[in-house]
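Letters are used for the chains, namely A, B, C and D, taken in the order the chains are written, and counting of residues starts over at 1 for each.
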Amino acid sequence: MPTLRRLLIANRGEIAVRVVRACRDMGVAPLAVFAPTDAGAPHVRMADDAFPLPGDAPAESYLNGPLLVETARRAGADAIHPGYGFLAENPSFAAACEEAGVVFVGPPSSSLEICGDKAAARTAAASVGVPVLEGSGPIEDGDAEATASKVGFPLLIKAVGGGGGKGIHLVRSPGDLAGALRLARGEAQAAFGDPRVYLERWVEGPRHVEVQVLADGSGEVIHLGERDCSVQRRHQKLIEEAPAPGLSAAMREGLTSAAVRVARAIGYRSAGTIEFLVEGDRFYFIEVNARLQVEHPVTEAVTGLDLVTAQLAIAAGDPLPFGQEEVACRGHAIECRVSAEDPHGGFFPSIGRIDGVREPSGAGIRVDSGLYAGQAASRYYDPLLAKVISAAPTRDAAIARMRRALLEFAVSGVDTTIPFHLWALDQPAFADGSYDVRFADGWDQGPASPDCLRLAALAAAAWYHRQVTSPALPTSGTAPKWIAAARDEGLRR
Amino acid sequence: MRIEISIGGRRQVVAVEGAGADALITPSGTDAEGLITPGKAEGVRLEPLAGAECWRLVAGGRAVPVRVRPHAGELLVTVGSIRLPVRVRRALPVPSRRGADSNSTHRIEVRAPMPGLVSAAPLTVGRQVGAGCVAAVVEAMKMQMEVFVPAPGIVEEVRVRSGQEVAGGQVLVVLRAQEIS
Amino acid sequence: MPTLRRLLIANRGEIAVRVVRACRDMGVAPLAVFAPTDAGAPHVRMADDAFPLPGDAPAESYLNGPLLVETARRAGADAIHPGYGFLAENPSFAAACEEAGVVFVGPPSSSLEICGDKAAARTAAASVGVPVLEGSGPIEDGDAEATASKVGFPLLIKAVGGGGGKGIHLVRSPGDLAGALRLARGEAQAAFGDPRVYLERWVEGPRHVEVQVLADGSGEVIHLGERDCSVQRRHQKLIEEAPAPGLSAAMREGLTSAAVRVARAIGYRSAGTIEFLVEGDRFYFIEVNARLQVEHPVTEAVTGLDLVTAQLAIAAGDPLPFGQEEVACRGHAIECRVSAEDPHGGFFPSIGRIDGVREPSGAGIRVDSGLYAGQAASRYYDPLLAKVISAAPTRDAAIARMRRALLEFAVSGVDTTIPFHLWALDQPAFADGSYDVRFADGWDQGPASPDCLRLAALAAAAWYHRQVTSPALPTSGTAPKWIAAARDEGLRR
Amino acid sequence: MRIEISIGGRRQVVAVEGAGADALITPSGTDAEGLITPGKAEGVRLEPLAGAECWRLVAGGRAVPVRVRPHAGELLVTVGSIRLPVRVRRALPVPSRRGADSNSTHRIEVRAPMPGLVSAAPLTVGRQVGAGCVAAVVEAMKMQMEVFVPAPGIVEEVRVRSGQEVAGGQVLVVLRAQEIS
């Protein structure tokens, strides 16, 4: 295997920035690609070189496998890092990379095949003694009803090609099956270019706990502990933390050893996540996320290790950069995903142009961000803008630091999930760690306190007065210039 | 400047003075449903934090980040996890002193409170109007502001029409006052 | 002792921001003070309330003890955090706070008296069996020659009131004594308001190693490991790291236990640092830095603990928030001080107005900063602008992350020490950890490589062409407006 | 545009074309002491990073941060730990085509290469000058640029004087050419 010298990052946003930085840390030249709307994005500006993609639509840009492989070859890249989403778990893309002589930073195509076929993954897990949820393989519309009654209601429809919670639908009764199936197929096609879906038994109030693994592809597999990702909305994770609160030592041992067995059973390589549902003192394997995950920084925070440079080392053919005995968790870490969504309006994507950003910083705070003034929050891509990760000796201190950081975080121009996160941190069920996957359904800003009404009234009065008396103030006045300049500057070749 | 604020069913008129980031806000004491404890003036600061929407409000010995976004004729104000739709408008127009001095005490000039686009100018010459009648609606920063007639009179001139840009302080309508004091 | 509700921060710049954040984490209301030139500074903008000081000169502002105590009383503050420098180690100020019923976040006045009298501190250290360097008490000009010959040449003149390397002069022979004494007294007077100096034996090529301690004031003292601060220029620290590279386990045990003994001997309370010189397998106590130090974040990074919230807890009368057995170091951390100094011009302060800043971020990087666009780098204050702290599993990885972060860090408008740091990271003596206090004397940018000449030529040609063809580009064009706006906005009351 | 760059004893003339952040730089092949490998054009980008001084230079498949600060008539260019004083000036003025077309082939108009302040205009009417003689010195962004006479001639007009602001492209001096081609 070659030493990596140049690496093409086939992604955008905060994860592309994360990989650029890992490249710098390893002395590898990072190469970016960008859709037209991303011409001024940080990952483009931070890379050593950047290559334009023809259109904003994913099929023309970050899902455009043949063009990405061709670009990597032209650019003299030794390897491609797919980030998460887009082509990260696409076995054909991984195979195309290897055929072109470009290392795919991720699992081998054969592992991706297994992970992508949820039934095969479940069979593999069961074969090494790991409990699984009842479920089906990919289903045809005609067999759906029969298969569903075998699995039992309520059940989930999930995308075979999926991940990231997209295309998941809960069906409580047989009458809703056909409609949900149609929706799920459409979403799966749009998000992953693959309309196949499967069914899985639904557990009412479980916790979502996942285990981070790292494997060298030759049977050496270690785990880096677990994460709790039970704060979800429409199967999209909103908050993750490590370690999982309230997990018994026996449960932790059971989960981590199960994860290592599954990874070994499917011949896994690189960083990956084995997802489980935990219900009381039982757990069930659900699936393998065969990629670096959005929430990997919470694991980095508690272990002090670097998952992305580890991926690059493994891709270069090195052995695992650390052994299981070197992995120890210390303290507590929480991640809040700051997305361009309107939490007061059903979490619908908030489309617009960001005209100002102020990111938090300081002790115990890490921000992985792709944000910039002038950025268009586009309907084409995942609305994730940035991740705030807080780490501290105790969970309470990590919550306090997160609250401080979220209050420092200012994004102008679009709605974000920050108000939801501030709400979540103050809920008793979050504070005591007793929440489960239904937690986010309780989101409701509730009645405003007299103090809040007073502050809102003062803010509105001061804002109005200020606008009337100083109509040409810097912020709103210079924003359009800023944007124009940013766009002008961003137009790389 | 007197400003009327409404949040949900609560409504309060406040007097605001100051310049730049600083404002002294004095709530009127007449409203039992008040949003701000009436009777005492409160100094606040509103400092820009990011872009056009993010501010830091310093009030009562505390600093809190707020987001203020004009939307559909209201302000959406976010404080912590709470977002509130707030209606804000100028409570009463100020009769022009300049007009009063340079012409005659019988004339009343109704002026635009801020630069903007006239979105309605419903008066016609000769019409008799009472105090509080809408002289024009001026739109700026996605907010619509009604400009009121300050005292009863008869419309002598309507100097603007709907769709026209006006400067702050520009005369919109001229009335002949019905009662001379 | 009271629970803290409101805390006045009697300092400026990055350390004031650090304390604001610690307050937020503890639910304490942070209150700022500011000299006129700091009206737009982040610590002012982040505090709950801010109080103006009458002039920029330290005596009128951050050294203005009576006014600061009075301001704290007026503001209803329960406590004052002095940061470092200024009044942090002034026993009269600490006493004045306590008399006014305001908690001084730091050691008791009596400990400050001992630490400020270097001879007394040395005696205290020797009394608990800790080796000390030969030296004198405060000296009169008349006795200087006799005392000096007793201590022996070469020797150092150090400020009694001092710390932070200010007022330190090396004297190699008796003939230089009188002149150096005059200079040292002048600097000591200017920096600390106290012209007293003392003499200390000079060790030629030692390492500067210090131990972080935390004490509750009633005899409970723990240590948080050591830091190496041997990269110094004119006795000013430039780079610090933890753990100290190449330190034997026996030496580490000797240093940390000596530090705990010294802290206990002087009745220490709060966070403090015991400084040593290490020469081969011997070490000598030099002095106690009776304050939170600039370099405290490297200790926070390797221990995962929070020294400032610990200070606040102790100030509120709580016991130590963690015990010695909970302190464990993991990985490696490095801090580079980014100061407004010209490393290519003798490290003289670079006076000017900062018109643009871009701070680094990402995995393993923490930036503690007081930087803002529009900031005047003033001759009145310490030139420290920001600190970059990198942490990683290994020292090599921490160096790689630091290099990445320094290359991401852009400051426009003044010279900074960033070029020096980039040089330092690439030196063999730094890379292998074998450097000592003479390391920074080797700073010399040396001849430019052909690659560097080429890049400089291309940059100059492109810059010139760009200026000529696009004279009204955003950066230079909008900077003055930005500054005007920032100043306007900053004028708080 | 032809630009002469000097660093220490090394000197090189390059041709620069492009717009905005992009520039195509072609070094002249004649200089043995060249700073840039002669003979092949190189595309570079100079993107603003922070304030007026900090830029990202993208060249040869690499991106490096650079700081460029005009100081005492030179540029101080910092790359990594190295800071180099760089002299930059326009290598040769471009004779005005517009002047040549609209008037006569005998006239040469020497124009300001960029907007700035004329800090010297040493020529006097009637004086005979050779190619490369300084027609004026224009100062902008703390840089002094000498503007040269492109071809031998006799000074017909001096249109500017020291201390005067000029626009980019403004005629500074008009010569009557001594040789007509």
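In this text, a contact is a pair of C-beta atoms (placed from the backbone, for glycine too) under 8 Å apart; a residue touches a chain by one contact, two chains touch by 3 or more.
Treat the numbers as computed from the prediction; the structure is a model and nothing was measured.
More C-beta pairs touch across one of B-C and C-D than the other; that pair is C-D. Comparing each option in A-B, C-D or B-C with A-D by residue number, the pair that reproduces over half of the contacts is B-C.
Separation between the centroids of chain B and chain C, computed from CA atoms only, is 51 Å. Separating the centre of chain A from that of chain B, both taken as means of CA atoms, is a distance of 46 Å. The distance from the centre of chain B to the centre of chain D, with each centre set as the mean of the Cα atoms, comes to 56 Å.
Across the assembly, chain C contributes 46, 407-408, 473-474, 488-489 as residues in contact with two or more other chains. Shared contact sites, meaning residues of chain D that touch two or more other chains, fall at 20-21, 45, 48.
Per the touch definition, chain A reaches chain B in the complex via residues 344, 354-358, 373, 407-408, 410-413, 419-420, 422-423, 426, 445, 448, 452-471, 473-476, 479.
Partner chain D is touched in their complex by these residues of chain A: 29, 45-49, 488-489, 491-493.
Per the touch definition, chain B reaches chain C in the complex via residues 20-22, 45, 47-48, 56, 58, 61-63. The touching residues of chain C, when paired with chain A in their complex, are 17-18, 21-22, 24-27, 46, 297, 300, 304-306, 308-309, 322, 326, 328, 330-331, 359, 361-369, 391-393, 397, 400-401, 403-404, 407-408, 473-474, 478, 481-482, 485, 488-489. Here chain B touches chain A in the complex through residues 1, 3, 5, 7, 10, 12, 14, 16, 18-21, 23, 25, 35-37, 42, 44-46, 48-55, 57, 59, 64-68, 75, 77-84, 86, 88, 90, 113-115, 140-141, 143, 168, going by the rule given at the top.
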